[in-house]
Amino acid sequence: MTALYLTLLIPILGMLLFAVIGHLRHAGWINVLFAATNFAMSVWLAWGVLDKGPLLSPDRYFYIDAFNVYLVTLTAFVGLTTAIFSRPYMAHEVELRNLGRHRLRLYHAMFQGFMFTMYAALTTNNIGILWVAMEGATLATVLLVSLYRTPEAVEAAWKYFILCGVGIAQALFGTVLLYFAAERVIPTAEQALQWNVLYSMAGSLEPTVLTLAYVFLLVGYGTKVGLVPMHNWLPDAHSEGPTPMSAILSGLLLNVALYALVRLKMIVDGSLKNDLAGYLMMAFGLLSFMVAGLFLHRQRDIKRMFSYSSIEHMGLMTFAFGMGGPLATFAALLHMTVHSLTKSAIFVTVGHAAQIAGTQSIEKIRGMIHTQPAVGWGLLIGTVAIAGFPPFGVFTSEFLVLTATMKTWPWLTVPLLIGLAIAFAGLFRHVHPMVYGEAPATQSPVRANMFPVMLHLILVLWLGLAIPKFLADWFSQATTLIAGSSPL
Amino acid sequence: MSPLFATYLALASALLAAVVSLGVTRLPTLLRYASFLLLGLSAASAMYAGMSVLLTSTSVTMELPLGLPWLNWHLRLDALSGFFLVVIGVVVLAVSLYGPAYVRTFVHAKAPQSFTALSVFTALFILGMYLVVLADDAFMFMVAWELMSVASYFLVAYQHQYPANRRAAFLYLLMAHIAGVSILLSFGVLAGAGGGYTFEQMRAADLSVTWASIAFGLAFFGFGMKAGMVPLHAWLPEAHPVAPSHISALMSGVMLKVALYGLIRLVYDLLGEIQWEWGLVMLLVGAISTLLGVLYAMLSNNLKRLLAYSSIENVGIILSALGLSLIFIGNGEQVLGVLGLIAALYHILGHAIFKGLLFLGAGAIARATHEYDLNNMGGLIHRMPRTAVWMLIGCLAIAGLPPLTGFVSEWLTFQVALQAPVLKSGVLRALIPVTAAMLALSAALAAATFVKVFGVAFLGQPRTRNARHAHEVPLGMQLAMGMLAILCVLFGILPSTTIGVIDAVPQLLLETLPPEATTAGWLWLTPMSADVASYSAPLVALALVVVGGLVYLLLRVRAERIRRVYPWECGYGEVNARMQYTATAFAQPIQRIFAPVWDLDEEIVEKRHAKQPQLVESIRYQLQRQDKSWSRLYAPIGMLVLGAARRIGYLQTGSIHTYLAYSFFTLLFLLWVVT
Amino acid sequence: MDLTQLSLYEQAILMFASMVLFTSFAMLAQPRIVPLIHLFAWQGALLSITTALVALVSNHPHLYLSAAITLVLKAFLIPWMLHRLAVRLNIHHEVEVIRFPSLLLIAGGALVVFSYSVVAPVVQLSTLTTRNTIAVSQAVVLLGMLLMIFRKKAITQVIGFMSIENGLFFAAVVATYGMPMVVELGIAFDVLVAAVLFGVFFFQMRESIDSLDVDRLNRLRETEEPLPPEEFRR
Amino acid sequence: MIEWGVAIGQLLLFIAAAPLLGGWIKRVKCHLQNRAAPSLLQPYRDLAKLFRKHSVIANNASWLFRATPYIVFAATIVTAAVVPLLALPLPTAAVADVIVLAGFLALARFFTALAGMDIGTAFGGMGSSREMMIGALAEPVLLMTVFTVSMSAATTNLSEAVDFTLQSGLVLRPSFLFAVLGLMMVAVAETGRVPVDNPATHLELTMVHEAMILEYSGRHLALIEWAAKIKLMVYMALIVNLFLPWGIATEFSAASLAQGFVVTAAKLALLGVVLVVWETVMAKMRVFRVPQYLGFAFLLALLGMLTHVVLETGG
């Protein structure tokens, strides 16, 4: 319990503290410190939950089970490594783009604020608060996206703000409808928004209302997941914001949005007793998967390209969750993990690469391996990993998704296969020249901190070779929670 | 030493080689030798393990605590994987002899590539191949398979300062990825039916013919793409030449075979009931690959590219043999099926050896002359005599000439094909001999091709300074080539003994032994029975040597010493290097006969004399050839994808109103759908 | 049901609800900035009155509180902020051209019908006297989106956004007599922060693209030709 | 044991008689073209003279150039050893069947072509290139024709195959008709006779075989020439004994051997005459007409095989 409250409190403290001292020279270190303690807390929390099983806070505002506790830990971990990376990176950015130090105050404060909103969204038991937290995540990051104040940055931020705001508003309408359906069967108004109550009562909720509600929720949270055709904000926001931001947006925010979607799908499924929700998710997932794959081919901005790859992978997860079934769900959970690890690692590397080349334009980045081998290899290996080559974990999850599809929807494997090939080609035809070949003289090495990258990639490698026991149990508990049974 | 221990030793030392190589930049010389020593060790133990299971025809299974939580890595060492372990081991052993001297050129290279990458990924590549043949569940198989692909991709991209190499690497990885996915799906079908990923469960599965055929189709596509069958071969002639030569030897000599291993394992072992239609498909594709492969090879002037194309040809031969075997099995002629399988296995072994030899030879030439283009070589037999001998043996073997190893498998294949009359279906009976004729044609063309290779590279006069100043390569490299060359001869002369070992494989897969292939003793090879066909390689070889020797001695008795003079030059000055036939010229008749096979762009530029236009001052002849699969198949697909990418761009108009409209109408659409 | 059987208060609720809907339409058609802001303020005011009436009818005391919050936030604070911004950014005299206003209004009408048809099954379930207004609230949401889609100025988009919020709040009130208080507060807080942020953005936009015309925000488009396909050529 | 003896004897006879056959063909040809004919033994004299002469080779000739004649000669003799000439059964036929025979012919061709390229003159390269082209097109035809026979005889062992034709008596096989025609055309191409090549000419642009061995002299040349004659005889013996084996000795009594000798000699002589007629009426064709020629042969062989499958074994 204390662990939970600490997990939520620390970032708030951090936010407030940084609002005052965020501009100091050592703020970066302090940020790392906060992230580290937070990670420790989350591990403690996870330990407790794994030990004693699901945990419902006395005031019933928080509910922790296997599904969200592992996301909390993942979030804390990626937050930590990103903080480690962002310290030297932002320092370099400050002198490179001569941002004022007060920007760093904003940056650090918002970093912590963002972490808070995500912890809140993950741990809350109240779908109303879930919505508030999701909206809060948007508000926390929108100023970071426009941190550089360039026209593009402002434009990206504005689109991010408006599109996500409108989208999330739909989600609120969905929530209202859900509440409307719930309060007719659940006596007290307070409980009518509590997930565990709703989940247990799901059977008696009114299907027609929930269908409507689900449509609004899907469009709403789907916007934040970045599902085509509500994805348009995503590449802009990812490519124009500071790289650590892109790393946590891609690695965490999308996960959290998908988490919300899955939580609500569980309720809707319980009520509808048919697979409508699943089918919708599969359709959106597949569409996003294919479209993003094609978009990869036409990119000129490296961060933009990788954000499209994020869309692609979120599409795959959505597809897998929609397909349901233990195997697919297990695969989707695993994919969540490996994707956020790999993708954040890639964004870290990309940040360094962009600093080395002094630009994000793909045509101008050349021969990274030559200029700075560590970064070059990092980018290459990261891309190999995200493209789904073993022995990296992404392969494992894609393997499971594909075989699960083969079992239940044999013919859908064809578009999946084509999509994988197209996306792969799109990714590599851009990464290849950036990594290989002769480097232009303009590129000069920077002080890169590749520790987070190596850490992430090693973890992903580990997951690809063998999923450790405790993690496996963890996943299987979560799978049992979502899909009823687990492949283990 | 138990086979199990030997296997682990092989894997461990390969892995260790990779680890050791990480530090290679610190102390290059030592670790270079160390890593190649470890590779040699792994090769030796792999061969030991393979031989021991082949001879005892037992099978060992093991599990590693890796993989999925509910599915450890299952390894299985049986006759089939044992055979392939031997095949891999032979070439790897040669490479580990060859490597230290060869890669020295890369250590101090100014080029951007890092020597560490080369040694690490070489070791991983080899490790991957071991694991593929040992895998006993789909997941581990795929992991090992892709490990092999990715490692070799890094090796292809190794000298990435050349755009051609980057292009090749990209193409290779892309096609490897597609192949991998399609194989994965084929396993998916089997797993779906068998209820699990282990090969045990897949064997147990009983598929409907339709699903089995789908699985076969997917696997054939995937493995075939990796094995380089036409028209899925585009990556091969790009990727194999640009890798360092010892890697090319591994890729062409072994990796393609590993792909064929996958095919054999899946079709003969996992897929259950064999349909003869599969065999027919395989036979036709194989025959076409054979012919086109050798024709493309004939017209290539880059030595390594030529060798790569000839690999396509040989894969075609192997596929044809497998196809025949499947056809006969599908028609209930188990025995003939076994013979076809043996022919295929024999060619797999043989091709691994002589293609490895030839690539190593090409590497030796490259090291001595820095040339890959045949037209820049010539007269090397004088500069590098021993390499010349080994290469000559390699050329003879790959041309399928008796009494070397290439001929044996060809002979067996023909013998099987000649049994066509036992089949019921008239179509097959008519078709098989025709494909046999195609094989014969390709064999003859292969001979022509390798006359071109040896003749242009080693004979005649040096065409460039580099060729003139070539030097014999160091001992290690010669040892490697010599070893393989001697094996070419041995396997050519002792087919019965070899088959006696190999037939543990059909015994495992089909529970049938070849009837009396080896009954007549080591001297005689009688596939069906003595009066149907027999071939005694030892005697033939003996006769050749004896007759030749006798004649030589007879003439030596009263022969004066030979006088050496200038060659006859028709009265124009001295014979110079530019007078001799070039590789292009040599291939020209064939090119004219089979012109439709290529996209040819031929032009003759005449420069007239300024004052008297009837005088031709100079004539330049230019020829661009590329195989048709590009313009017909690959370019269109690529354009299709890019066209789609161009159109899709209009989703991202940049106008926020449009974006809002998207989500607005999505919402309305969904609401309309659900109500 | 029949209007006549309802109590006067309930009739009043329906009346005000219809007026909220009307303000949305009016906003859709209002080309000038300051009147638009005023309309938005009116919508907020009407909303809070409706909420108060609902509280009265269904004696949910906590609704009074949310009514008060709405009044402060939507009717005074946010409109005042917007107005001040408009003045400081010196756009309060601007008039934006609306293409095909009549079509726009017709589309709005169609939306009302559509949303009615969509929520019809839901309405059947409800026993609340205010149930028919659910359709109205959804219509307000959709009209807000329509406004955002068709209007060019950043500030109008903000107003559209806010009116969507109004619609949502309205839905919460009429469908379920309001969400739990915590949620209400959270939402209100978000809305407030959003409004502040919008203000910040106006200045950022002004300094980066010196205009508040969102059509100028089109640098990040991808309609140009993709990179040449070097891999696929030989 | 005795059959091995007979085999050896037959082989020696083969080697010895080959030049005689060559002489016979030349003589008949001269008569046909009313020229003064050389004696039948002229080829022997030529060979003897060549063996006696110095052999002179180019400066840059490699060991391969000198080894080639021996290899070619040996390979050709191995082929000669497996073709039934006088008597059946022929034990050596079991050592190497007809596919091996083709293989050894290819081996000989391979080395000849290499030797042609060894010196690095234009002629050598030209000759090798053309020879390999012709060989590449001829070999499949050869194999297909013999496949046709061995499919009917269900064996690739030549002695067995001949025995089969002998046993089955006079059967009119359409496949055999096509096969024999195809084989004859191939024989003409492979042994470098008109219209594909002209052994008698040294006109640079037309020669193929002669171009390759242009640099040879003395004993090396002698060996190659002799090998060429043996090769011609191998083909002719193949044709006569595979398709009309009647008269060949089936047991090893002196009488039947003598009869076999006479009959075979007669058959070969007759075939020689046919060849001469063919060569006289045909004109040497351009190199790039040769593919059509061989293509036609291929067609015949294919027809032979198909007729066998379709008409003779029944569908």
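Going in written order, the chains are labelled A, B, C and D, and every chain counts its residues from 1.
Operating definition for what follows: a contact is a pair of C-beta atoms (placed from the backbone, for glycine too) under 8 Å apart; a residue touches a chain by one contact, two chains touch by 3 or more.
From a predicted model like this one, the values you see are computed outputs, not experimental measurements.
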Pieces of the assembly after leaving out subunit B, positions unchanged: A, C | D
{"item": "Dominant interface by contact count, named by its two chains", "value": "B-D"}
{"item": "Core chain by centroid distance, with centroids computed from Cα atoms only", "value": "B"}
{"item": "CA centroid of subunit B to CA centroid of subunit C, Å", "value": "68"}
{"item": "Centroid distance [mean C-alpha coordinates] between subunit D and subunit C, Å", "value": "99"}
{"item": "Geometric centre distance via CA averages, subunit B-subunit A, whole Å", "value": "44"}
{"item": "Centroid spacing, where centroids are CA-atom means, of subunit A and subunit D in whole angstrom", "value": "78"}
{"item": "Multi-partner residues of subunit C (each touching 2 or more other chains)", "value": "118, 121, 145, 148, 157, 214, 217-220, 222, 226, 230-231"}
{"item": "Junction residues of subunit A - those touching two or more other chains", "value": "158-159, 162, 166, 170, 212, 235, 295, 297-298, 425, 429"}
{"item": "For subunit D, residues contacting two or more additional chains", "value": "none"}
{"item": "Chain-to-chain touches, reported pairwise for every pair that qualifies", "value": "A-B, A-C, B-C, B-D"}
{"item": "Residue numbers on subunit A that touch subunit B, as the complex places them", "value": "158-159, 162-163, 166-167, 170, 211-212, 215-216, 218-219, 223, 228-230, 232-233, 235, 276, 280, 291, 294-295, 297-298, 367, 369-370, 373, 384, 387, 389-391, 395-396, 399-400, 402-403, 405-407, 410, 413, 417, 420-422, 424-426, 428-429, 432-433, 436-439, 464-467, 469, 472, 475-476, 487-488"}
{"item": "Touch list for subunit D against partner subunit B, complex", "value": "51, 54-64, 66, 70-71, 73-75, 77-78, 81, 94-97, 99-100, 103-104, 106-107, 109-110, 113-114, 116-122, 124-126, 128-130, 132-133, 135-140, 143-144, 147, 150-151, 154-157, 160, 204, 214-215, 219, 223, 287-288, 291, 298, 301-302, 305-306, 309-310, 313, 315"}
{"item": "Residue ranges of subunit C in contact with subunit A within the complex", "value": "118-119, 121-122, 125-126, 138, 141, 145, 148, 154, 157, 161, 164-165, 167-168, 171-172, 175-176, 179-180, 182-183, 186-187, 189-190, 193-194, 197-198, 200-201, 204-205, 207-209, 214, 217-220, 222, 226-227, 230-231"}
{"item": "Residue numbers on subunit B that touch subunit D, as the complex places them", "value": "378-379, 381-382, 392, 396, 399-402, 407, 410-411, 414-415, 418, 420-421, 426, 429-430, 433-434, 436-438, 440-441, 443-445, 447-448, 451-452, 454-456, 459-461, 524, 530-536, 539-540, 543-545, 547-548, 551-552, 555, 559-560, 562-570, 575, 577, 579-581, 585-590, 592-593"}
{"item": "Subunit C-facing residues of subunit B, complex", "value": "167, 170-171, 626, 630, 634-635, 637-639, 642, 645-646, 649-657, 660-661, 664, 668, 671, 675"}
